[in-house]
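Here chain A shows up in two complexes: once beside chain B, once beside chain C.
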Partner chain A sequence: MIITFRRQWEVLPRSLQIILGRLALVVPQMFGVLLVTFFLIRLLPGDPAVLLLGNMATPEAVEQLRDRLGLNDSIWTQFLVYCGNVLHGDLGVSIFTSNPVTVDLMERGPATIELIFYGMILTVVIGVAVAVISVRKPGGTVDIVSRFYGLAAGAIPDFWIGLILIYVFFTLLGWAAAPFGRIDVFLNAPPPVTGFYTIDALLAGDFDAFRSAAGRLVLPVITLAIVNAGGLMKMTQSVFSGVWESDFVRHARACGVPERVIMRAALRNSLPPIITMIGFLVGFLLGAAVLVETIFSWGGLGQYAVQAVMNSDYPALQGFILVAAAFTLLVYLVVDILYELVDPRIKV
Partner chain B sequence: MRAPEEAMKPVLAVERLSVSFGTPHGETKVLRDVEFTLAPNEILGIVGETGAGKSVLARAIIDLLPKGGRMTSGEVRVNGKPVGKMTEAERRAMRGGQIALIGTNAKALLDPVETVGNQIVRVLQSHSRLNRKAAWTKAVQLLADVGIVNPEQRARAYPHELSGGMAQRVVIAMALVTEPKILLADDATLGLDATVSVQVLDMLVQRSRELGLSVVLITHDLGIIAHYCNRVAVMREGRVVELREVSEFLKQPEAVYSRELLAAAKVRPIPTLRSIGGSEMALLEVSNLVKIFPGNRPGQVVRAVDHVSFTIKRGETLALVGESGSGKTTVGQCLVRLIEASSGSIRFDGNDLLTTAQARFRPLRRRIQMVFQEPYVALNPRWRVRHLVDEPLRMLEKMSADERLKRVHQVLDLVNMPAHYAERFPHELTAGEQKRVGMARALVTEPDFVIFDEPTTALDIRVRGQIIDLVRDLQTRMKLSALFITHDLNSVRSLAHDVAVMNRGRIVEAGSMETVFSDPKDPYTAKLLSAELAIEHETEARVARRPKSAEERVG
Partner chain C sequence: MTSFGFALRRPAAIIGLSLLFLQIVLIIFAPAVSPYSPTEADPLASLLPPSSTHWLGTDISGMDILSRIIFATRINLLISITSVALAFVIGVPLGLLVGYYRGFLSGLIMRIFDFVQAFPIFVLGMALVSVMGQEIWNVATVLAVLFIPIFARLIRAEVLSLRERPFVAAARCSGATDVDIMFRHLLPNALMPAMVQVSISIGMAILLTAGLSFIGAGVRMPTPEWGLMVSSGAQQMILGVWWVSLFPGLAIVLAVLCFALLGDVVRDLMDPMKAQQFARDPEIDLQPIGDNR
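Moving on to the complex of A and B:
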């Protein structure tokens, strides 16, 4: 049986093997995430029932609530109930906002993801373009600028850049949109489809909303890109320059292959570490963009998580951890799949 | 009908070409007034040792000098057109379009993340407006032409899935696909097994003959010159010291340097006569040696050495020959217990080496020494030669520092190195000198038995000759017994009394060197011998040397 399975497996195309193999791993990984989130919260000191009811609650009321929340059941029963709830999309009710955590996260998750999404696109464009040009024309303007930039980008904090951008482009010049949230307060948010205001607005044909949402994105996206593109550029530079000096590039040139084509091939060879770094950045920014979110009143996930911590809002925190972990898992899944797809030398 | 003069007009002319490299210490001249022409359908061999400027010459011809290189004078003309006067676009079209370069180490020349078929298509589409499908068909056709079995499927393979020989064929297909007029083969078969190298060269030269190409065959191997080329240019320190017909060159080389090269490449007479009588006991007796490595998949095994048996008598040399992957180096490493054999027995002068405990084996080590294949890798780069050579003494004997230094000087003298080399670091030595240090280190304990792992591989012609002479000298002077692991059959002829031929972990044939080499019984031995490009046998050149004369072609 196993042998026939293996044989069938081996005739599958490599790309399918990679994707199926990785997807199969997601289930146990996700289970692990659930387990960790659940017990992490249980490890925190304090009785949730007391927290919910406040210090003035009578012991009877606390006992009643404990019973209702199932806290008196065995830990494994609680875990099963928790898993069941999660599968039904029930993450509990936030103590602070009084909304179901799922609703809060559905509102705030897309805000952060939209920000990160455009931020990463700009980061990649800047980082890779500067790196490639500086390698191809060593000693040129771009190369020299890139050296200063690489040095500075690691040292300048994101909130500082955000504030400077706001000061210059909003306060002084008045070019940029106000840093007060994702969309003009006088406009209605487009009906949610993807959760991305820009895309939803286009889908709804609401161009005013689109213009406003896009305008609001400009400064925070630039802030994120400026901070993160430096590292990506440095790394791309070192990888790409290694590839650029390699024998196969020289041989392609000796074969009369145009520079444009050679550059594309060299870039493809440099992809794996770039993909890894982008994946890492995306996962990292989910929580780490909090300062940028705060400055631009973005109302994103990072802010939500910080609020939850400040207010001992355990259900909200638990929900955030779960979503962040699931999202990171997803990003790494995509990274792993892409990584193996772009490098045929990796054995599946 | 073309006039004969038209037909014989050179396709490539190099005139008084000089190239310099800028270094922090000023300009270094790498090529000095190099001059030659290449006639249509001619194969010109360029031979020289490391640093002669052969590769720079190839790159100068296609105007792609390495960083820092500068053409200081002279001109290269391709089909009558000076390369220097071409526009950038014309130059790009010329590279690969009219002159195709085939380099060393094909696997590194191929894009690792693209299928080889697509890479050939890439080159073809850079030079013609063929659509993808037509280009792919042509690429597959060419792969078949260069002797790749199952080309349709192989075209979809990535470079890492190919063997070295196959990758070399792909690179050749890549060069031929644009139907260029000139091929520049820069040490194209370096590092390939002899049988593969000969197959690839046979194919390359045959295809060039069929297509009427002119070839510049750059090599450091006179055997290749003797068997494949019409004319030869001998290069030394950036100059062409001799340029003439190959047959004349082999008979009567003009330049002193050429004579030295030829003499170094020739086989020496059989080494010191073996001790007559043969009553002496065997010094080393290996029987049924087996070494099994775990395979890639669980449960899978690789039999690197499979029931190998041989004996070596005192003062005699056995050559273990075979191609890469045949397990010959593994045998050597088992003998000195760098890796533990799986089963079998090794008796050395009455002691069973495999069952001896490590502690009791250590004193025996001074009597069995090994000279490693990669000289530079085997020497600690932070130690001076003196330190490197006396290491076994510090480990094994109680000697004062003065005694040790004296011993180091003695043994350096033995390998023909001046005493002041003792203070140098490995990176300050040439490849040949590094090999000598490796030998000195092995000889310093006055061993009875030495294992030489590929001592002549990757060396220049004259250095190789010197190493062979040195080993011969040691054999006579020290009455050294040795195991000589190599794939260089030519050196075996000069060094070994006996030969054992290994293939896939087994010894397929063994006997005295004369018998095995003159009358091989096993087909594998015959195959190995037929791939030997000895300069003594140049009369039987592998591919008809003379191109058809102009009249014949026209008529």
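Moving on to the complex of A and C:
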């Protein structure tokens, strides 16, 4: 049985082996994440039923809720019930919005994903471009600027630089769009297809909406990129300079291989660590989005989480961190798979 | 003092050390150097721009921003340094144990670290602080919890490679106990990356503390805290009142920069290869760490 299984495994194509192997690892990770989110709310001092109902609740109401929430069962039964609920997509009901948390999160998710998506693209473009130029022209302007930037970027708080950008580009210069949400209040949001306002507006052929949505994205995306590109840049610099000074690049140049081809080979060779770093970036961006969304009244998951913190809305908070962790794990999964796919030397 | 002299030959080290010195002075002499009380509101002096009476202006309740920035150094550095110290004191022995004894329990601890680190760090910090209650000590504890896996992993990785080295076998043959081997032979040799991480983590802790306060999940008004101060000016920034948020943010940048620079210096000092590059002075002797010379 085991032998036939192994034989079947070995005839699978390499890419499929990588993907299946990684998927098997996600199950225990998700289980751990569920464990942490479940016990996080257990850390609450006092009775969750009282917290949910507020101090004015009658003892009967509290007892009833305790019963309904299953708080009178053993902790492991409660955990199993919680896992079951999550698997059915039931994350409880938000105290503040009184909607199911799942519905709230689904509604706000695309806003955050759109922000992170563009933030990520700009971060990678800035980080990698600056790193490559500074390695190829050591001592040049870009190299010197990159040194200061690399040092400063890690020290700049994202919420602060966002405010400064608003002050300079909206209040003082009037160049940027108002920092109030994803689209002008007088415009209708485009009909949702992908959830990205920019793409949906183009699909609907509504160019006013597109201009407004794209304009609103500029400052928050720049904020995310300024703060996060520094780390990626430093990392790319060190990897790429190692490759750029390596023997095979020197050999290729001695053989008269065109610079453009050498660049491609060198970049491809520095790719694996960069991909890993980009995976970590998603986690950072998700955390940064919480702060950036608050500043720009973005109305995404981050702002929802901040609201939950302010209002002690624990089901909403629990739902958010579960989704945040699941999303991060998903990204790590994709990154790991890509990592192994681009580097043929890795044995599965 | 040779390593101190070595550090002084680098501009980054000079800037880092002076910033650190400045912060220490501000922490000790806060009441003496700040012109006003950090928590006393003056409704008549609300939102005054920087002037000769209020160098950095006043916030919406008329509190002097310079004084608040100075006093906030205490809170911010207290939280950051406490949290990193806690994480170091717990994480380092934990990493040592987990690296040295590789049994079921060690595996379990590593899996717990995996679970904790699956969450984006700011998101988990936010949730933990809001669940535990928004007090200064809770912020420090939460940050410590978030940093413990980082230190434990660094030490574990070093120990895993060191424990196979001949000097460990030699120590064991000469009758050293497990505790001896771990703390006298492995620890001094495994400590370097963790030492560098201390400085980096303090910077991270300053940013996280400020971020948590900014969204209302950290310390509360009227406690002087940099993130809280930035947030108290966020509403007026758009109306052109720039000084309330700008200056506390600059304080954060300088504080984090200081620890980042010091981290670089520590790393270069502890990396013999790098240190030799910088050492032009033959008097500088680079001593190996620990008692296995």
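A few points about this structure:
Definition applied: the second predicted complex is superposed on the first by the 347 of 348 C-alpha atoms of A that agree within 3 Å, B and C clash if a C-alpha of one lies under 4 Å from a C-alpha of the other, contacts with A are read in each partner's own complex, and residues count from 1 in each chain.
Here is the rule we go by: a residue touches a chain if its C-beta (ideal position, glycine included) is under 8 Å from a C-beta of that chain, and two chains touch if they have at least 3 such contacts.
Here the structure is a predicted model, which means the values were calculated and not measured.
Superposition of the two structures on chain A leaves chain B and chain C fitting side by side, clash-free. When the two structures are aligned on the shared chain, A:Val142 is found in touch with neither chain B nor chain C.
When the shared chain is aligned, chain C comes close enough to touch A:Phe159, but chain B does not.
Within the superposed three-chain model, A:Val292 lies out of touch with both chain B and chain C [touch as defined at top]. By the touch criterion defined above, A:Ala111 lies against neither chain B nor chain C after alignment on the C-alpha atoms of chain A.
After overlaying the two complexes on the shared chain, residue contacts for A:Ala265 are found with chain B alone; chain C is out of touch.
Comparing chain C and chain B on the residues of chain A they touch gives the larger count to C.
Contact with chain C, but none with chain B, is seen for A:Gln29 once the two complexes are overlaid on the shared chain.
After overlaying the two complexes on the shared chain, residue contacts for A:Tyr314 are found with chain C alone; chain B is out of touch. Touch criterion met: A:His251 reaches chain B, while chain C stays clear of it. This overlay, made by fitting chain A, leaves chain B and chain C with a least C-alpha separation of 9 Å. Against chain A, in their complex, chain C makes its touches with residues 111-112, 114-116, 118-124, 126-128, 130-133, 203, 207, 210-211, 214-217, 227, 230-231, 233-234, 237-240, 242, 245-246, 249, 252-254, 256-257, 260-261. Against chain A, in their complex, chain B makes its touches with residues 59, 62, 64, 92-97, 100-101, 103, 105, 108-114, 122-123, 126-127, 158, 160, 171, 174-175, 178.
Chain contact summary for the complex, chain A toward chain C: residues 28-29, 32-33, 35-36, 40-41, 43-45, 151-152, 154-161, 163-164, 166-167, 170-172, 179, 283-284, 286-288, 290-291, 294-295, 305-306, 308-310, 312, 314, 317-318, 320-321, 324-325, 328-329, 332. Per the touch definition, chain A reaches chain B in the complex via residues 246-248, 250-258, 261, 265, 268-269, 342-345.
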